[in-house]
Every structure is written in C-alpha cells, then in structure tokens.
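What follows is a pair of complexes built around chain A, which joins chain B in one and chain C in the other.
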Partner chain A sequence: MSDKATQMTMTTPALASDAGVFDQLNREANGILAELLPQKLLEAPKGGKPFVIGSDEVLPEIVSAMDLYYNILTVTGATAAGMPDGAQTIDKAIEMGVESRLCNAVRCAMYYLYSPLMPMPDAIVTTNSPCDAVDTLGIMMDNYKPWAHVPKFHLDAPHGREEEDFVYFGKQLKEMVLFLEKATGRKLDLGRFLALCEESNRQGALLAEFQELKRAVPCPVDPDWARRGFRLSRWIPPGRPEVTDILRRLVAATEERVKAKQGMDGVDEKIRFLWWDVSPVWAGKLFPRLATELGAVCLMDYYSYAAPWTVIDTTSEESALRTFGKRYLIDTPMTRQAMHGADFWIEDALRIVKEFRLDAVVMPCHIGHKDLNAFPKIARDACREAGIPFLFLGCDVWDERYMPPDKVFETMKTFFQSVGLA
Partner chain B sequence: MNVLDAYLERVYALVEEMRERAALVRVYQAPGIPGTGDLPGASDALARLTEGLPIRVGPGASPGLILRSDTFLELGSPEAGSCSLLLATDTTRLVHDGRVTLVGPEVGESAGGSLPFGQVLMLRGAGLGEKDLDELQRLLVVAGQIEGYMVRSAPGNVWSRVSQEAAAKGFSFATLGRALRALVMSGSPAVEAVEVLFVTSGKADLVPLEAAAQQVRKIAREGTRERWKVKGYDIDCANDCSACGDKPVCDDIRSVLKERQHIDESPGGTHAT
Partner chain C sequence: MGLSETSPTFRDLARIAGTLRNPRVDSWKSGGGKVMGYYCSFIPEEIFVAAGLLPFRIRGTGSQGTELADQYYTQVSCTFPRHSFDQALRGEFDFLDGLVVGTSCDTIRHTFDNWKHAGLKTPFTYLLHRPHVTGELQVDYYRRQLEKLKSAVEEHFAARITDEKLWEAIELCDETRRLQQELYALRKVPNPAITGSETVAVMVAGASMPKTDYNAALRTLLAELGTAPGGGKAGAARLMIAGCAHDDPSLCAIVEAEGGIVVTDFTCFGGKVMLESIGPRSGDPLLALARYGVLDRPFCPKIGGAHPMRKQAVLDMVRDFKVDGVIGQVLVSCDPWGGEMFLLKDELKEAGIPMLKFETDYLPSSVGQLTTRVQAFLETVRR
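Entry: the complex of A and B
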C-alpha cells in the first residue's frame, strides 16, 4: 500500500495547527500504527511466535508478556473499512451473506476470517463484549469449521461496574492466562508482565493528562490526538518506550500551546461539540471542514474520551488482573458505552459537555450499534432538560455511502444555524 | 426513616474511629446564611453563600484547566487513592449545616504534594432521599465553577488539583467545602443543609468509606431506575445469563459442546472437520 493510502487510513488529515513538532509526532505515530494494517495479520505466522486471535482487545499486556502475536480481528476489520478500498471489502463481505444490519467493521472482520489467506491461529479468545456485533464475530470464530480443532477460550464480560464485577472478570483473565499457557506452550513471565503494566500506567497517565488539555478554549491542537494516543497505547503491543515518548512530547507540546492561548491554526473556534459515538473512518472529509468553515470543533468521541484511567496495581499478578478487569469494563471505549445502562451513557455525555464547555451533542447513532437503538429519545430528552442542543444523525461510521460526509456536513450546518450556534 | 440514614451514621462513626486513632481532625463552620431561601434567584443565593471566600465560585469562575506546572496540590490521584460519597436525607438531626470536617493535612501543609482524597457530601432537605442522588450528583460536576480548583475528567471518584495561585490566596478545605455547599444549595432549592467531610489522612482511611460508597451506589442505582421509569423509560434490561429464561437451553448446548471438544481432543478423537 502506498504511503498516501497508509496516511489516509491511519489518521484523519491533521489540521493546520499540527505543524512542526506535531508533524513529526504524526509521522512517528503513523509509522507505529501501520502495524494495525490488515496485511500484517496475514503475515502473522512469519514472526515465529504463537499466533493468538481475538474478537476484542482484551489485554495486550498479557499476550505481550507471553511473547505471543495477538491480533484483534475487530480492529483489523475496522481498519480495513477505513482503507481506500474499504467499500469494496464491505461489499464482498455482504456477498458472503451476513444479515443486513451487522456492523460493517465486523463484516470486514468476517471477510478476513473467511479469507483463504488467513493464517491458522494457535488459540482463539472471544468475548461477549463490547457489542452484539463483536459478540457475533466471536461466535463466527468459534464455529469456523477449519478452526474447529483450535483451542478456544470465551471471556464473559459482566454488565456491572462494581468491585465484584472487576473481581469476577479478573478471575476469568487468570483462567485465560492458564488457557493460553496450555494452548501455546508459553508461560506468563510475571516480571515482564508487571514491567509492561508499569509502562502502560505511564502511558495511561499521559493520555489522561492530554485529555485535560482539551478543556482549553480554544482547543490547542487537533482533539483527535487523544484517539491516536489511545490506539498507540492499547492496540499496539504495549510497553514500548517509543510510544511513551511520543505521548510525553505530545503533552508537553500541547501544554505550551495552552500557555500561549493558541488554538488550532486556521480555525476560528466558535462551536465545540460532542460526537457521541465512534469517530467515522470518513472523519477526514467532515471534521476539518466543519472546523475551518464553521469553526465547529469535534472535541470528543468514544475513543478520544476514554483513557486507561485505572492504574494497574502491580503488587501481584492477582491485583494486576483485578485492576485490568476494572480497566477493561469501565475504561475501554465502546465497552464503557455499550456494556452498561442508558443512564451511564447519558451521564457521561452530560458531564463531558459541562467539563469541556461544549455547545452541542451530536448523536451519530451508527447503524451497526444496535445497543444505541433505544437511546435517541432518552438522549434527546436528557439534553433538552439540561438545555443542550441535540442532533440525531443515523449514519454508518464505516461506510460513507450510507450518509455521505457532504450530507452530514449540511445537516450539521443547518442544525448549528437553527440553534443559533453558527 | 431514610434508607441512607444508616450510611450517614456510619460516616460519623468512621470519623470518630479516625479521631480515636489519633488522626488530626479539624472542624470548620461556615457562617450562617439566614434568609437565603427568600432570595429571588440562584445567583443571589450563590453570592451570599460564598461571601468572604478567597476565590470566586460559580459559572465562569475559572477556565476549568490547571496545568501540571501550575499545580500546588493534587488530590485523589489513582496512585494516592480516592473515594467520593453523596448522601441525602430528610432527617434533620443527621446533617449539620455548614460544618466542614477535615481528617488529615490541610492544603497549605501539602505544597507540591499528592494526597489521598475522600469526599463525603451530606445533604438534607424535605423529601430528599436515594431517588434524588443522581440529579444531585450532577450539581457536583465542578467544571470551571471554583476558581483555582479543577476536578479531572476521570469519571468515578474525585481526582482534583488546587492551583498555586489559589493556594496563595488561602484556598483551604474549608474554602472547598463552602464552595461545594454553595453550588449544591444554589443549584437545588430542595437542599436546605449541607455538611462536608474530607479525608486526606491516608489511603487506609478511605477503605471503609469506599465500602459504604459501593453500597450507596447500588441504592442510588435503584433510585435512578425508578426515576427513569416515571419518565417512561426502562433503563435496564435483564441481559445477564442468570436472568434469562433460556439459560437451561444454553447450558445444555454448552455441555454438549464441552463433551464434543473432549471427544475431539481425546486420543483417536475426530478433530471435527
């Protein structure tokens, strides 16, 4: 794939303020994020490590400490949907006969699952989280005939968010470790595992710090850096000092811009809004235009909001796994929003609006997110009560053909005008 | 009797236990505010409630962001430990309006440091109870409403920063307690009295508070569910296996699959193709 295509796939086009140091950070980040490209999955066996495939992200620190090659099939599918030929991949997956309302990221994942080029994994880990689509993908992986003999482990993520839920999930993670040890012959190196957790904690602290900096008005840098930071920290095999270094420089450079009261160059910030769903793969055709033409900045979405706030307790393996359980259940984007009740989801939105001084809530309501089907009226009513302008879209974050970015732009423009923000 | 009253009494008992363990306990009393209820608007009430404070309180009081380099003290970081608890009752004797109790070091004694942080707000008002907790909790989203004080956006507990500038002006836990009381009383006319407890003495002192907080969160969730039901929404669905009527069917399928896997893996097994 060409550099240009990689650039398009891995990040939204950076806004003008990301010059100089941010250009450098962007280049370094893209270099690392290229590891998520789908072709890497097909090259998995070449690494000589046991190959474990999972339906969701689960715990990168564990598989890294066991020196396993781990692929998150959903992330591969989502990345494929964002490639220049993403629409073709979606169409090919549809031809395979999947039900029409399945999330297109998972459709693409399924396309890779059934691809004849797909390497045979040494173990499979599936989970019921975060949403019905990923759960469905897990069922497909479990029932894929050529993989019938591959050892499988299924994690049961509870819908609760109290201590007993974290303990419950932590125990399952311990069972998963034992399963992986048996299936791959690799042992969990406790020292290496805890060292990776420490590095992961350092990255989490930096991501949380960057999050706060987005409170500044005007927003000092492209807010999407939070999402990029998350992907670097959680989707790439963790514990890499170069990722920590990128995040450290990102925070330092952003702090300088806050002190100088600098906003994004070329953006006269007038509107700050919450995009309360996954950022679309076609964001590059929407958000920069909204920012430059209307001064409307997307401050937050699912993946640029959640950060690994929970510090992994490295006192022991048990404490580490329990705190990982907490991090997974309430800090992980999508899991946080899709696994818990409507009240939790809307309270997050209302708090973000207040803390980050946002002017409006946009509910894209990605068509594949069936967990959101009951939420639009709840969200509208709650926003109305709080005096926050609210817009419902109903788009497909993975396939721009469903509601083209130009159409979304015009709808949002009309909305901002009609509520007196533009 | 309000279901939360037992937790209010538990909080008082915990303070006494900490006092007996020789923890430093300080009690501040906010000045009386006679006649606040007769004031025409929330902003007037806010002005009266914050009279004499060294910092501004209310919408637009601060930009809402305190940088690391401008921080005098950090409270309740994930490493230091944090716990927050909100209680509401209509039992008069249980809430001492304007009282702020601090167990542990004061802001001015902790320059450049990081302290564990427990925050308990005890509210009283006619008819107040567990059903009101989630709406009252929204009033505690400080955002930019307290000058020199930022609550970080990590949801759950309170993880906050006090700025150097605010500390220089004399920002203390008495200030913070009064500011929070002012935001709550001006934000909700139903609240007639507010008492605050802060614990900065140690992570271990937060453990019993957190145990109480966990129970209160469960009670509050019931209240939330009921409140939404009145609006016509069922915010919960019984989507865990234990509540599903088809569980026996799934259990059967699982046991068949397990048996099948066992056969496949046994010597001479088929390894289904």
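Entry: the complex of A and C
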C-alpha cells in the first residue's frame, strides 16, 4: 500500500513544477485526497450510507455503483503511518503483539481495528492479496469479536495471471455483489456501474498518457504525479468527473513542458532511477534532496506505475466483472508486484528501465514485504546481466527509524558515485 | 526407558526422520524409483503416489546454518525455507527428481523462484496454485489446478495417472492418516506410551518414505504401543504445540525434560496432517482431493474465512487430549502464524486454557532462554 497522504494533502510537493498550473492542480488534488485522512475516513460512515470495510482495494467501482461507503483498512493504516504521529501509532501497534516484522502499515491498521477506532461496518470483504500481511489483516478483521455478527465475504486473489484466473476472480466478484446486496439492502445499479467503469477507463487512459510523457528526458514534471493520479482515481470513490478533469489538465500541462523540453524546476537531471517498491512515507525527506543535490530523479515506484489500466469491457455485467478481475490482479499496484513470480517483477523492472531510459534500479526491500525479501539475489542477478546498476537497501517504507532518510540518502549517493552516475 | 530402547520399528522411523536422504529413499532410488519433493502440507501427495513417485516433504533437518541461502533471502525472511534451501544449495536434495511448491506464504512461494534460479539439479519443478479461501468456487478452481499438476507430472515422468490409480493412492494415504489418528489417540490417556518428541519423529518419517512401508511400520508400532506401559510422569502438565514447521523434536524434548508431556499438536508436520480423510471412493478423485484440500482441511492460516474451523480443531484437541496449556510457536517473520496465534491466544484464554506464545528461528538461537520460558509456563499450568 503506498501512501504519503500527509505530505500530499497538507503541503505542496517540493518538486512541483510550473507554479501556476501545477499549483492549482495540486490544490485541487489535495482537496480531494484529504478525504483519505484517517479522521475523515473514520467519520464518513456517519453519513448514513451502508458502510463496507475491506482489507484491500478491490472493488471501488462496485461499491460506488451500489452507493455504499467504503473503507480500505490497509490504506487507513498506511495513511496513519504517514501522519506526523505515525511513529507513535506504530509503537502502540507493536505493543499489541502479532509478529515482530509485520508490515507497519498493517500494524497501524490493526491498531485502528483493536483500539477500537473503526466504526462498526455493515459488511466486511477480505482478500488474500497483495501479501501475507494484508491476508493476516483480513483474518484479524474477519475474527474481530465485536464484529462477529457482521456479514463477511472472502475473496481469493489467485497468484496466476492466465485467463482462467481472471474468470475465476470475476466470478467471485459476482458472488461478492450478491453478498453486498444482501448485506446492505442496496442493489447494484448496472447502468451506473458501467458508467463508472467507463469514467474509470477514461482516467486510466489519461494516466497512461501521463506515463508516456514521463519518458521525456529530462522528466517534465514531478513523476510522483502518476501516483497521485492513481490515488485520485482508485482510492477516492471512483468515476468522479472532477478527477478526470484534473488528469486531463495534468496531461495537457505536462505535454506543454515536454514540447518546451523543460525539466523539473530547480533540478538538473543527471540520473533517472527506479525505486521498485512502495514510495516511502518519508519520501519528502529523500527524493527532493536526491533530485536537487544529485540530479537523481525517482521516475517510478509501484504506485506511480499504475498504468496502463486494463480497459473494462462494459458490454455486459459479466464482461465488466471479468475485466475488472484482470485489472485488479494485473494492474493494481502492489498486487501486480507482490502476487506473482519474481520473473514478473523483474520483467517489469527491466522494461521500465528501457522504456523510461533509467540508469539504475533501487530495491528498497521494505521489511514488511516477505515476498521481495525472498528474492533479492534473483533481482540483482537479472540487473547485473542486463548491465543495470542495482542497489539493495533494506528499509521500512512506513517507519523511517528503521533506516533514517539521511542514511538512505548517503547510501544512494555512495552507490551512484561508485557506479559512475554521480 | 524410551521407545528408542524398546522398539526397533521406532528406531527405524526416528533414523528416517533424523536425516534427509535416508535408507528408504536410497533403496527406492536404487530400484529405479523417482522422488518428488514438495513444500507444504496441503500438497496432495496422492497424485505423486498414483504416478509411482515417492513423495518427500522438504524440511531442514540437519541444517547447521543459512550461509549459502542468505544470498537469496534477506534476514527478514523466515528461517524454515532459508535452512531447507541452504541444504538444497549444498546438494542435500540432489536426490529429488522433482519439486512441487504450493502458493502458501510469500516466502515459500518465492523459494520456488530461488530453486529454479539457483539451477539446482531438480529436473521437474512446478508451482501449484492453491486457493486461499474455503468455498465451492474455490473447489472448482483448485480441481483445475490439480488437473494441470497431474498432466504435468504425467508428461514429465511418462506416467499415466488413471482414476483407479488415484483412488488407490487416496486409500493408501487415507490409511496413513487413519493410523496416525490412532497413534494420536493413544496419547489421550493419562500416561501415554509415546512422548511428544517421539511422535514428531514418527510423523516426519511419514513424509519421507514409501507410504506402504510407513503404514506397515505404523501398524507394528501401534501394536507395540498398545501393550506398552506409559513412560511419562502421572500428573504431569499436558501440553499441546501449535505452529508451522515443527519437524524437530527439540521443543517437545525441552517440555518433557522440564516435567511436562506434549500430548498433541496442531502443526504442519504433525497433527494438522492427519486430521480428516478423503474416502470412500465416489466419482472424480481429483474433485475429491480438491474438496478435501479446500473445504475439509483449511487448516493453514493463509486460508481466509476458515479461522473458526482452525480454532475449533484446536479446541477439540484441547478437550480430547485433556490439554492444560498450549505452546504457540511462531517462526520469526511469519505473518500468517503470527496472526493466527494472536487470535488463538485470546480465544484459548476465554476457554480457560493458558498459552505460551513465542517467536523463534527454525533452529532456536537460545535454547536456554526457551527452556526458561517453558519452565515458567509449566509453573502456571502445573496441575
């Protein structure tokens, strides 16, 4: 789960280019993204809509089309970890036990659950994706005693990526819809659902266009806009035309800068690297410094790679659910990277390096990622074979105390220097 | 006097459990037989048996460290796959003709990638996609995955797995489970004739030798145990162990040296393996295997929606084996079991059963500390 909601909703990112247009876009985006702040998330269910809670981000178009209020508990945990008091929340969560190296975003989510801060849901949907940690969170939520009477549904995200896997997941989504209809008394409005999917297709296409523009050297704008775009289109109830509008204007403004061969303001771009993991909540203390002091720009991370989206086939409910299943299993950041084999992760990394003309791959290897921590050698060997400088870090994307940003900066600087990039 | 002194059958099984490449594997191989290694207890051995292969459950017995494997994993990875993979890198699993890994936890799943990447001498490798939810749609999906596994095994090993052969294999493995259940039942009495550490050895041997020989050995052992006096101390605290890769008798040995007895377990090499059975014959054997794996025994903590079944299985064991306390062993970095124990601790407390939960490595680094914690726990549960 990627997030740095605090920085994004409360401040203007340090690398924002083009004061006028981009500041305006920032303001608008931040206004919408503020809905993700934990306090707002906790209060929203009081709005009278039935409240569905999920362990992971699976079904935004469906719940919106059913006019339900939806909370992704992992996102709430991740957002909490990124708040100014994130470290205290993590410490309180650690005291609760569980497992000493559990992902801190999930730990914070558990803290919200057990404190108990979360309002009582009307239905619970859990999924085993993207990782052992969220799977565990789902099982905790499922068996949380005060919610014992709340109806529950469990999704099985397969690790395969063949047509049969998408069909299988789509069938489960169909069952989930029936479950939600029964649990909440709301019907899935097919017309609205398909309309939301179409709007979301438009947003996906715009994000894909933005990715294309990021290929320009120097990178025209803060590449992190892609991640913000993902959050706007997936984590906020989807299909909002104002989000489509922001993305459209973002693409247009970026295009202008590409035409003018303009890079990011204040950055003399020398190095373009891939941070192949979740962008850390402490990114604000690292990426701007890398960019301004070393000219090293983080072109991509898991969430800023959130494109191109599988187009939802809106010819019928069934085709929409099947393609929705595919979109979930293949395009959703983190699920894409954490649910499949090491080969898929590496293929992505090498392709991105090539297509975006990157100079290095950084494998942060967040401690919560039991998947990544199980194949650093494969990643290193693949990069070595392809002649791409590779750095393994070993940090915690949610808790900067594990490896302070200054130390990460120094490590990356030494690495860039020793491979001749800086 | 322990079974090692009194029972040649047990001695044989303990020898098999105490090493990787054991004499039964050797004679199987020298007779031209092939061995299929696998990670995780849910993998249907029946398919391998039906193909005429010897199923061998991967473990880390005898590992001294993770030096070689540490290039492939970080310190954040669970030490069970690290130890066993280290042995693989040292050639200790070179006797395998195939390896099937299931999509269980993230670390095991990527051990499949590492195994392939390391270029180990295992001619056949396969990743089996197993559902992580219990339900009918999942049965259907899993049946298709089993069908694919069956075809891949048939093709690689030039074997024909007929329905008849599959049912025979199911019956053979059901017989193993039935005999293991009998073995466990013997431990329900106040002074069991077999200790917890001895049981670990018997169970581990079951996944390391031909099933027919194992069943024969179990029958002999059961006959011997039926007439043997109990070796434990009457009135000793009766404990149960829960956790993942419990393939080594040392934790039980600590408990038993400190005056307790381990009377049952809910672990991936022990009690979880023999719960439930598949038979009798009816219809499609792959569907029967799929239903068994998905619906009847979702005992892996990676399976969503099934914690109540796991909790019930633990509570049933607590009742049936008159357990005074549960030791929950979580390997460091294991999210699934960490969560499971977190839930179980409160649930057992509610049922009036104390639980000692601790994190450890596959080879515990501090036996002294573990002994102290076990001692303290025994004080709290002593009758």
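In the analysis below, the second predicted complex is superposed on the first by the 403 of 422 C-alpha atoms of A that agree within 3 Å, B and C clash if a C-alpha of one lies under 4 Å from a C-alpha of the other, contacts with A are read in each partner's own complex, and residues count from 1 in each chain.
Here is the rule we use: a contact is a pair of C-beta atoms (placed from the backbone, for glycine too) under 8 Å apart; a residue touches a chain by one contact, two chains touch by 3 or more.
Keep in mind that this is a model prediction, so the values were computed, not measured.
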{"item": "Fit or clash - chain C, chain B, common chain A", "value": "clash"}
{"item": "Which of chain B and chain C A:341 touches, first, second, both or neither", "value": "both"}
{"item": "First (chain B), second (chain C), both or neither touched by A:155", "value": "second"}
{"item": "Touching partner for A:117 - first (chain B), second (chain C), both, neither", "value": "neither"}
{"item": "Which of chain B and chain C A:215 touches, first, second, both or neither", "value": "first"}
{"item": "More chain A residues in contact - chain B or chain C", "value": "C"}
{"item": "Partner chain(s) touched by A:260 [first = chain B, second = chain C, both, neither]", "value": "neither"}
{"item": "Which superposed partner A:126 touches (first chain B, second chain C, both, neither)", "value": "second"}
{"item": "Contacts of A:175 with chain B and chain C, given as first, second, both or neither", "value": "second"}
{"item": "Part of chain C, among the options 6-14, 114-122, 150-158 or 168-176, whose backbone runs into chain B after overlay", "value": "114-122"}
{"item": "Interface residues of chain A shared between complexes with chain B and chain C", "value": "156, 158-159, 341-343, 378, 381"}
{"item": "In the complex with chain B, residue positions of chain A that touch it", "value": "145, 148-149, 156, 158-159, 162-163, 208-209, 211-213, 215-217, 255, 258-259, 307, 309-311, 330, 341-343, 347-348, 350-352, 354-357, 378, 381"}
{"item": "Chain A - residues contacting chain C, complex", "value": "96-103, 126-128, 131-133, 135-140, 142-143, 152, 154-160, 164, 168, 171-172, 175, 338, 341-343, 365, 367, 369-371, 373-378, 381, 394"}
{"item": "Of chain C, residues touching chain A in the complex", "value": "71-74, 76-78, 81, 103, 105-107, 109-114, 117, 127, 129, 131-135, 137-138, 141, 144, 301-302, 304-305, 307-308, 330, 332-340, 342-343, 345, 357, 359"}
{"item": "Touching residues (chain side chain B, partner chain A) in the complex", "value": "63-65, 67-69, 78-79, 134, 138, 141, 143-144, 150-156, 214, 217-218, 224, 228, 231, 233, 235-236, 239-241, 264, 271-273"}
